[in-house]
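In what follows, subunit A forms one complex with subunit B and a second complex with subunit C.
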Partner chain A sequence: MATFVDRYPDEAKVVQASFAVAFIALGIGAFFGLIQALHRTNILRVIDSVDYYTLLTAHGVLLALVFTIFFLVGVFTWAIAKGFERPLPDIRLTWAWFGLMTTGTVLTAVAILAGLVPEIPMSADVLYTFYAPLEAHPAFYIGLAMFIVGTWMAGADWFLAYRDWRGDNPDERIPLQPFMVLTTMIMWYVSTLGVAVAVVFFLIPWSLGLIETVNPLLTRTLFWYFGHPVVYFWLMPAYLLWYTVLPKLAGGRLFSDPLARVVFVLFVLLSTPVGIHHQYVDPGIAEGFKFIAMTNTMFLLLPSLLTAFTVVASVEHGARQRGGEGYLSWLGALPWRDPAFAGMALAGLMFAAGGFSGMVNAGMNINYLVHNTLWVPGHFHMTVGTAVALTMMAGTYWLLPQITGKTVYSRPIGLFQVVLWFIGMVFMSNAMHRGGLLGIPRRTAEPQYQNFDFAAAVGSVGEIRMQIAFGGLLLFLSVVFFLFNVAATWAEDRVDTPVDDTIPAPLSPPSGAPLILDNLALWTGIAVVLVVLAYTLPLASIVTDSGLLGSSPGFPVAISLEALAEAAASALPHVSLDAAAGLRPLDVAAEAAETLEVSR
Partner chain B sequence: MEIHRYEKIWLAGALLLIVGFIATISYGAVGAGIEMVDDDGGQIEPNAISDHPKFSEPGTYKTGENEYDVYVVAYQFAFDPGTSDPIRVPANSEVTFHITSRDVVHGFEIVGTNANTMAIPGQVATITVEFGEPTEYGLLCHEYCGSAHHAMEGSIQVVPQSQWNESMVVN
Partner chain C sequence: MRQLSPGLFLVLVAFTIPLAVEFRTVAGFFGFDLPFISMILFEVVLLAILTGVYVLGRLTPDEDTATTS
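For the complex of A and B:
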């Protein structure tokens, strides 16, 4: 019996290449994550705190953008070819977008990592949100732009495949997996427009010196116009696997095809007009706009709550097919020894917890308590860091055999690895949430201050730090086992039937879904209208208030240590330059800056 | 479209939850009076803060009976006032903070409270908080602002009314 790699060898190569880039990024990003977890908890500091922000930028970009999105383009390419049962229209186009995305990634990664090498005059320690007027090297922004354009070309590739398929099948329903791919890409086109405008029209010319200033609130708002839908872009491949693969692994079939389509349509409509919920405490944006973003965000809970029902119902159906009985004892009949199933099920479980902490974030008045605290990374390590990342790792145990023709090297290692991830994240994310409630900030190399201590009502700050460091260690080990298992699988010999790759038909078939659900042009139109309604007035008022180009010059992150130490030395004559440069120059400079008498 | 009965119940419950959230948040905004940071603070030229009537001399201003304004300028890597000198406010007072940045984006968090906002160059954030008994709060920057971000901190002294004096206000 042939599998994907036999039927679509050219497409399989692209999927393999995409996964390879994704997994390399995962390995590097996870390693940096370990260093950060040990550093900010003050358990082991192997780097200078200045370099912490270089690693943090790389961690965010490599994991949240490169790992997730390269895995996504791999899965989507697989889903399009498999779902439409035909090769992609022109494999050269497919390689072209892969090449562009990879080149952009390398450019951005070099710009970031050069920050670790003082001899190279390049730095991009601006974190993955790159808020202006902190200014990175132009290569950082140009690489990101290339990466985004690459994803646009990938979407075009899949829409061309859809057009060809539609030509041959004028009256058929769009198969479910390609339907999910196409709706996700519509959302992506609508939402990436914001970041593309921010990067191409403002940040690239500004970093090249072509324009003098930017409006920081404008570029920030354009970033968040994209910054929330991007989390659904990460999540949609996980949803695709939960809806179409998880029920099969559980021994059953999808509960309802029509409901799955409804969910994806809701994401097209509601993902973008919510971005201002990341700016609840930003000045310069009227409360009414924040209220609109809040209500839209709350309604965005609906597709995820529907997903919880459909996925659990499908899994329960599978368990009953396997002989499971009772109200809850059917859970025991599930294939918990299968790493693909166990990983996805645990990921879904943690997504429920992450969803609840997200509901807290979305509540605009309670958000004051947690905004920019450690609570926030605690939240998104449960969502993108587990719901998405663990589903992708677990899905790999089912997908990799199809695209390589090789059986998984070790299912026990796979099972151990996914469970280890779950346990590590339980430690790390619960402690991060609790730390956030104490006011411990996120994105901070040394959250240990001179003027005050954080007071813990339950447990202690030391105990929270230990949990974060221990959890981070388990997560890193999990990635090491995963990458070993993947590499060992890849090194095996091809076999005829590496995995059962059939996907059974849903219980409620697509024929029950109203035809209008497949009207992609209609949903695109409504999505655009909603975005125009939610964003025209805020953007217009930001531009009216401070101008299109604002008045903020760049503040390059590549601060020369000598210059800073000299400034400190000249301000405080008793701090000698040697002492400043010899010890920890930035800390000395910062201390000096603190004691400076402010002239104004 | 066929929708299973349990699914309808779930759908209704989900919508109820969503409407309930929106209702409690609306109550928090209107009933409990938790206002969002908004555009009331207006704009400021980040390169000409010294021309501003108040930000040119940041600190505590008395505006009424037990009501004060505190102007704070955030910059890499300190608050003025807050870092080299603590922000001082009297006990049992209502204080409106006006916060801006003269360089990059910073954060402003009074540790252990929900007084939390962004400091964005070109914009003025205003938040009104009530201070109770005399105590001291920590102050920190919660938005990454450059290589010494972790050193950006300060403090707020809530001074007993008996010790409060004219030298602690700017005006």
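For the complex of A and C:
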């Protein structure tokens, strides 16, 4: 029986190439993650603390942007060709966006990793969020801009495929998988406008020296205008797999096609006007705007809960088709041996836990308790780090045979790998959440535990650190097993029927969904209006307060230990030992620097 | 005895980890400050129970509830 690679060989090559880039990024990013986990917890230090931020930036960019989005464009290309049952309109356009995204990725990665080599005058240790006034090398921003433009072209490619399909099928409902792709891309177009403006009009000219200053709050707000919807951009391919593939793997059918459409429409409407909830502690944004963002964020619980209901109902249907009975006993009838199913199910379970910790982040009052603490990476390692990443890895075990024509090398290794990821993440994210509640900060290579009294409700800081290191190690091993399995699969010989790639019709078919759900122009219009309502006044207020270009010069993010040592050595003669008595080293250094400045 | 497949057994082993890790937290809610070793002991107990269920299911399979998963 022919599978995807036989029907659409050109598209299969693009999907293969996208997955290859995604998995390379996954391997490098995971390795950097392990180094950070061991460094921060003081288990093993193979890098200078100065380089920690270079690796942290690379870890965030390679995993949160490159791995997830390259996998997304691969899955979406597969879904469009399979859903519309036709090749993409022009494969040259498809390769063009792939090439642009890859070039942008390489440029950005080089700008970041050059920070590890002092001889190269280039660095971008600005972390994944690239907040001004931290300034990166222009290549970092230009690479990111190329990457984003590449995704826009990919969306255009898929909309052109839709136009062709619609021309031949004027009265048909949009097939569910392409519907999910198109609505996700509408959300992406609306939300990436913010980061595009920030990068093209402010950060690139600023890093090139064309303008001297930026308004940090403005660029930061524009980043978060994009920064929260990007979470849903990562999540939507996982949702696509949960809605359309997971029920099939469970042996059943999707419970409700109309409900799935409602969920994706809600994400189009609600994803973007919420970004200010990442800025609850930012001065310069009125509390009222933050309250509105919080309210909008809470509305996003609705599609998440609808998804939980629909996916669980679909999986239960599958279990009962396989002979499962009782209120909970049906869980035992599910195909837990299948790594694709087990991985997605575990990812969904972890997503529920991540959703609960996300509600803490979203609440204005309790967010202050955990803001900028380890709680936050604990949260997003559960959501993007597991709900998304584990679903993508698990989905690979079902998708890879379709795009290569080869069977998975080892399903037992696959099962072991997804379970290992779940266990590793339980250790790491649990410890991060607990550490966050104690007030342990995030984004630091040198967390200090001596001068603070971390009152742990349970356990100790030492245990938390060990748990993070152990969890990080398990996660890295899981990635190694995954990459080995993928590489070995790729090296296999082709077979006639590598996997059953059929997707059964939903229990509640699309004919039951109101026609208005397929009116993409309407939902785009409403989404734009909601964004205008949510952002016009805050942005106007920020620009009125500090101007469009603000007054902040760039701050170098590249510091060398040699320069630091020279500064300290020149300051030391000015330090009075008596005055330094009882002070912490940092205070002594600050005082010395002040003395030096005065003496000059 | 219900027969567990190796796949389900492995997944259930994974589920015992968060139970063991959060065991002390739950005990803390009720004022019991348990030492670190209690988490390991609790995990061992959970694994022993799970292994027992798995082995018994293999030794005395219940034909009506045997799963093919």
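Methods note: the second predicted complex is superposed on the first by the 561 of 600 C-alpha atoms of A that agree within 3 Å, B and C clash if a C-alpha of one lies under 4 Å from a C-alpha of the other, contacts with A are read in each partner's own complex, and residues count from 1 in each chain.
Everything below uses one rule, namely that a residue touches a chain if its C-beta (ideal position, glycine included) is under 8 Å from a C-beta of that chain, and two chains touch if they have at least 3 such contacts.
Model, not experiment: these values are computed from the prediction.
Peer 1: Subunit B versus subunit C on the shared subunit A, clash or fit?
Peer 2: fit
Peer 1: Between subunit B (first) and subunit C (second), which, if any, makes contact with A:450: first, second, both or neither?
Peer 2: After superposing on A, A:450 lies in contact with subunit B but is clear of subunit C.
Peer 1: Between subunit B (first) and subunit C (second), which does A:442 come into contact with in this model arrangement: first, second, both, or neither?
Peer 2: In the superposition, A:442 touches subunit B alone.
Peer 1: Check the residue A:423 against both partner chains and state whether it touches subunit B (first), subunit C (second), both, or neither.
Peer 2: Only subunit C; A:423 stays clear of subunit B.
Peer 1: For A:322, is the partner it touches subunit B (first), subunit C (second), both, or none of the two (neither)?
Peer 2: Once the two structures are laid over each other on A, A:322 reaches subunit C alone.
Peer 1: Looking at the overlay, does A:473 come into contact with subunit B only (first), subunit C only (second), both, or neither?
Peer 2: Neither: A:473 stays clear of subunit B and subunit C.
Peer 1: Looking at A:342 after the superposition, I want to know if it touches subunit B, subunit C, both of them or none. Which is it: first, second, both, neither?
Peer 2: Only subunit C; A:342 stays clear of subunit B.
Peer 1: A:116 in the overlay: touching subunit B, subunit C, both, or neither? Say first, second, both or neither.
Peer 2: neither
Peer 1: From the CA centre of subunit A, what is the angle out to the CA centres of subunit B and subunit C, nearest 10°?
Peer 2: 90
Peer 1: Identify the partner contact of A:106: answer first if only subunit B is touched, second if only subunit C is, both if each is, neither if none is.
Peer 2: In the superposition, A:106 contacts neither subunit B nor subunit C.
Peer 1: When the two structures are laid over each other on chain A, which of subunit B and subunit C touches more residues of subunit A?
Peer 2: Looking at subunit A, the partner in contact with more of its residues is B.
Peer 1: On the overlay, how many Å separate the closest CA atoms of subunit B and subunit C?
Peer 2: In the combined three-chain model, subunit B comes within 18 Å of subunit C at the C-alpha level.
Peer 1: Can you name the residues of subunit A that touch subunit C in the complex?
Peer 2: Subunit A residues touching subunit C: 322-323, 329, 332-338, 342, 345-346, 415-416, 419, 422-423, 426-427, 430, 434, 457-459, 463, 467.
Peer 1: Quick check on the complex: what are the subunit C residues that touch subunit A?
Peer 2: 2, 4-8, 10-11, 13-14, 17-18, 21-22, 24-25, 27-28, 33-34, 36, 65, 67-69
Peer 1: Show me the residue ranges of subunit A that touch subunit B in the complex, using the header's touch definition.
Peer 2: The contact residues of subunit A facing subunit B are 49-50, 53, 56, 125, 127, 131, 133-134, 215-217, 220, 255-256, 258-259, 279-287, 290-291, 294-295, 298-299, 301-302, 305-306, 309-310, 313, 359, 362-366, 368-369, 371-373, 438-439, 441-447, 449-455, 508, 512-514, 541, 545-546, 550-553, 555, 557, 559, 586-587, 589-591, 593-598, 600.
Peer 1: Using the touch definition from the top, list the residues of subunit B that touch subunit A in their complex.
Peer 2: That would be residues 1-4, 6-7, 10-11, 14-15, 17-18, 21-22, 24-25, 28-29, 32, 34-39, 41, 43, 45-47, 49-50, 56-57, 76-78, 80, 83-84, 99, 103-105, 107, 109, 111-118, 120-126, 136-155 of subunit B.
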